[in-house]
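Same chain, two partners: chain A is paired with chain B first, then with chain C.
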Partner chain A sequence: MTVALVSITLRALLNRRRTLLLALLGALLVVVAVIYRLGNPTAAESVEVTRRLLANFGIGVLLPLVAVIVGTSALGSELDDGTIVYLLAKPVARWRIVLVKLVVAWLVTCVLVAPAIVIAGVIGQEDPQLAIGYAVASILGALEYTAMFMALSLLTSRALIIGLAYVVVWEGVVAGLFSGTRAVSVRQHALAVAESFGGAGAGDAGLAFGFAVAAGAAVTMAAIALAIRRLETVELRGETT
Partner chain B sequence: MSASPEAAGTIYDIGYRHYDGPRLGRRGAVMAVVGAGLRAIFGLGRSGRSKVIPWGTLILATMPAIVAVAIRVLAGDLIELYSYDSYLWQIGALLPIFVAAQAPELVVNDIRHRVLPLYFSRPMSRFDYVAAKLGALSLALLSLTLLPVLVLFTGRVLAGDDVVGAISNEAGTLPAIVGTGLIHALVLASLGLAICSLAARRAYAAGAVLAVFLIGSVVGEILAEAGGFADVAPFLNPLAIMDGTRQWLFGGSVAESPVRAADVPLALYGLATLAVTLGAWAVLAFRYRRISV
Partner chain C sequence: MSTLKLEKVSRWYGNVVAVNDVSFEVGAGITGLLGPNGAGKTTLLHMMAGFLAPSAGRVQLDETPTWRHAEVYRAIGFVPEREAVYPFLTARQFVTASARLQDMENAGAAASRAIEMVELGEAADRAIGGYSKGMRQRAKVAAALVHDPKVLILDEPFNGMDPRQRLHMMDLLRGMAADGRTILFSSHILEEVERLSDRVLVIVAGRLAASGDFRKIRRLMTDRPHRFTLRSSDNRRLARELMAGSEVDAVELRDGVLTVHTGAYGALTRAVAPAAQRANVSILEMRPADESLESVFSYLVHR
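Let's look at the complex of A and B:
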């Protein structure tokens, strides 16, 4: 049953034009890195510019945009279409449905984001460690984001819009302004991870690595718990909604 | 229905009425779509939830002007918080949010629910439909691109001791204020509608609009500081293109804008603005010509 669950989720997530568009977003990151490198920048400048490219574009825009679309539609589209009832009617524990869907959404997000970050990072400058650091950060950030957005999709039917607003307003503007709000921002968590894995050129955002990982794990666990709780309290009624 | 004895073949009069009032024609139909569009954008006649983003961004956009005027009244000419030139650049983050949230309301569901035939069965062509939607979004955007600057202007005029003198002092800035507001509103509306007309669902349309503006500004900002690309950088960000056009037409540079770092003839920004707008209109024309009703 788990295999079937994985395959229907994968098919729902990948069989659309929008996957192509999301892949194009990642390709755009690589293209910018290629164009930049073709301009023959100095070594020191290329590290700084590539770091900002990976941090601001890769972690700041590409990752949340992919995660919000993939994360909200992994379970959300089944809720929208009413096909969730066929899943819930099967003898599968509901926490298992949430976990399997989350893992699939996470992996899809990683596949769409991490390779683009690695390639752009390696092309943009010499040091592979920087690229790997940001790729690791995007993989961990993807888990936190997809868990949050999956929980959101169980809370409201307009999860994608609300998730987008959250990404732009909170992650984009508010979280960068104050040190207090920085602690509760997925983007800042991911950047702290990138700095600790990314070597000398990875910069500093001001969150300790240990704190970022702990906060990220806490948010992820809370989101998963919320999602499971919401799905467990869904009642099957006579008609599909 | 109780059967009453009637001759066979009688057509019952079941009370349908003729409409004898004035027929407003094509103009009336277009104005109705503009009006309905404005109501949809500002969430009038809808739940409180759909008013949050339009009115929230409007208030956030106007707030700096009000604060600046208040400070001017209280503290006099000591501090110059915002100039007319830089105001739109300062509130720039709000413009894509407004467009992304409200432009999909206008066009996406009409296509998704296949109600366009209902529009076109009225004395209204496809061109009229697109023009009406564009007009509605542009008018709504003026509340962000023109209204706050006019508030600032009015405050400056009224705050002085000599109102008549202040009017003659500040009146010279009015063409720049109005022109900038109109350009921003029209270009943003065209670009937003063009993107939204291609999307299948409102949420995707919002995401696509945000993606275009976010990626444009992020990449533009990064490349502006990378040595060899300062000249290209502003052209990646629609807001920077419009800022360059404003500077070309009315003068006055903005410190934070990538336009200042670039060294290209300002007329190029005007050309780029024209290209973006015409490109957006071409997409709209293509999209709405292709839809079969």
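Let's look at the complex of A and C:
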């Protein structure tokens, strides 16, 4: 039954035109790296600029944008259009539906983000470790983001808007102004991982690695638990009521 | 055989009561759930199918509550009213996925069988997104019966079907009922319920207004005027003889058909044969003129 669940989810995600647009966004990251490198920067400068490109574009824009769209629609679109009934009317435990869909959403997000980060990182400067560090960060960040956004899609039908607002306002603005709020920012969790795996050039993210991993794991587990609980008690009404 | 049982079931949304203290049992055979739009039919069906928690009372399938018991779906097939079906899947993929989600061993063969049953063969390998309403409906039905459920719940199954598809679907449901399955469908169209159901549940404004064989329901309402049409060898003589008795309120002769109005259903049916004998008239046909659910229904609504 897992195969059927994976295949429906995957097809629903990949059939959307916006998934293609997200792939183009990843390609844009690579294009920017290529153009920068064509300008023949010095070695030290290229490490710093590439780091900022991966952190601000890769982790700061590409990852959350892909994750919010994939994460909120993996289960949310079926709740919106009512097709969820075809999954719920089956002898399948609800936690299994949540976990399978989460894993699919996570992997789709990783495929759309991590390769772009690796390629852009390797093109932008010489040290492969920097690229790998940011790719690992994007993979762990993708899990935390998609779990969070999937739970959000079970709480509200406006999950995409609220998710975008979280990314732009909270992570983009508030966490920049008040360093204390970084503890509850997925982006900062991911950046701490990148710093830890990315070698000397990865810079200082401002959060300790151990704390970031623990906080990220806690958010992910809480989001999964919330999503399962919500799907177990979700009520389907008719169209008119 | 499986039985769906509702005991004192109510459901409210905020302070709007959608279903109010409803109790009944649905067993083998075809039961029609009839009521105007907004009467609470979908709310009732969703509670029976375990998609909604009753605010009060109990909904059980053979002693297992349907709410939050996913294993009941091995025995239940559900066809929702909402039209949306994964548009990117073909009917075959959709029905096969349903079989896989039911943990069936041979999902492909089961899917082919179900598609055959609803006569979707030729279109089965096209994407559902391009289907007509009737075809989509059949794909939904095929997905619901692919695991051969003991109970089939259908919410407005005939919506969007053309007359031929409708007849075919009725035959299909009759066949499944003849195999001892429990089939419950909702409709706001009297003719459908009348033609298909052994038993009717009438829902008006969230309450169970009547239940049982609709002809029996009708007969219980003796305070309600009835009409019969008769054809006989001599309508005029028969009319004269009938008018002589106290059972008949009025007679009407038109186009070779005798229409009799009565306030006493049972007494009239007993009086007709003796009257014909006295008048030396042969009765060719006698039938209730308004034995349709339409009249039962409007009577119940306005009672």
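One rule holds in what follows: the second predicted complex is superposed on the first by the 234 of 241 C-alpha atoms of A that agree within 3 Å, B and C clash if a C-alpha of one lies under 4 Å from a C-alpha of the other, contacts with A are read in each partner's own complex, and residues count from 1 in each chain.
Simple rule for what comes next: contacts are C-beta pairs under 8 Å (C-beta built on N, C-alpha and C of every residue); 3 or more make two chains touch, one makes a residue touch a chain.
All of these numbers come straight from a predicted model, not from anything done at the bench.
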A:L88 in the overlay: touching chain B, chain C, both, or neither? Say first, second, both or neither.
second
Once chain A of both complexes is superposed, is A:E232 in touch with chain B (first), chain C (second), both, or neither?
second
In the superposed arrangement, which partner chain does A:S157 touch: chain B (first), chain C (second), both, or neither?
neither
Examine A:V3 and indicate which partner it touches, taking first as chain B and second as chain C; both and neither are also allowed.
second
Touching residues on chain A, where the partner in the complex is chain C
1, 3-5, 7-8, 11-12, 15, 81-83, 85-94, 232-233, 235-241
Can you name the residues of chain A that touch chain B in the complex?
18, 25, 28, 32, 35-36, 39-42, 45, 49, 52-53, 56-57, 60-61, 65, 68-69, 158, 160-161, 164-165, 168-169, 172-173
Could you pull out which chain C residues touch chain A in their complex?
13, 18, 37-38, 42-43, 46, 49, 51-53, 68, 70-74, 76-78, 80-82, 84-86, 88-89, 94, 96-98, 100-103, 143-144, 155
Chain B to chain A touching residues, read off their complex
53, 93, 96-97, 100-101, 202-204, 206-207, 210-211, 214-215, 218-219, 221-223, 225-229
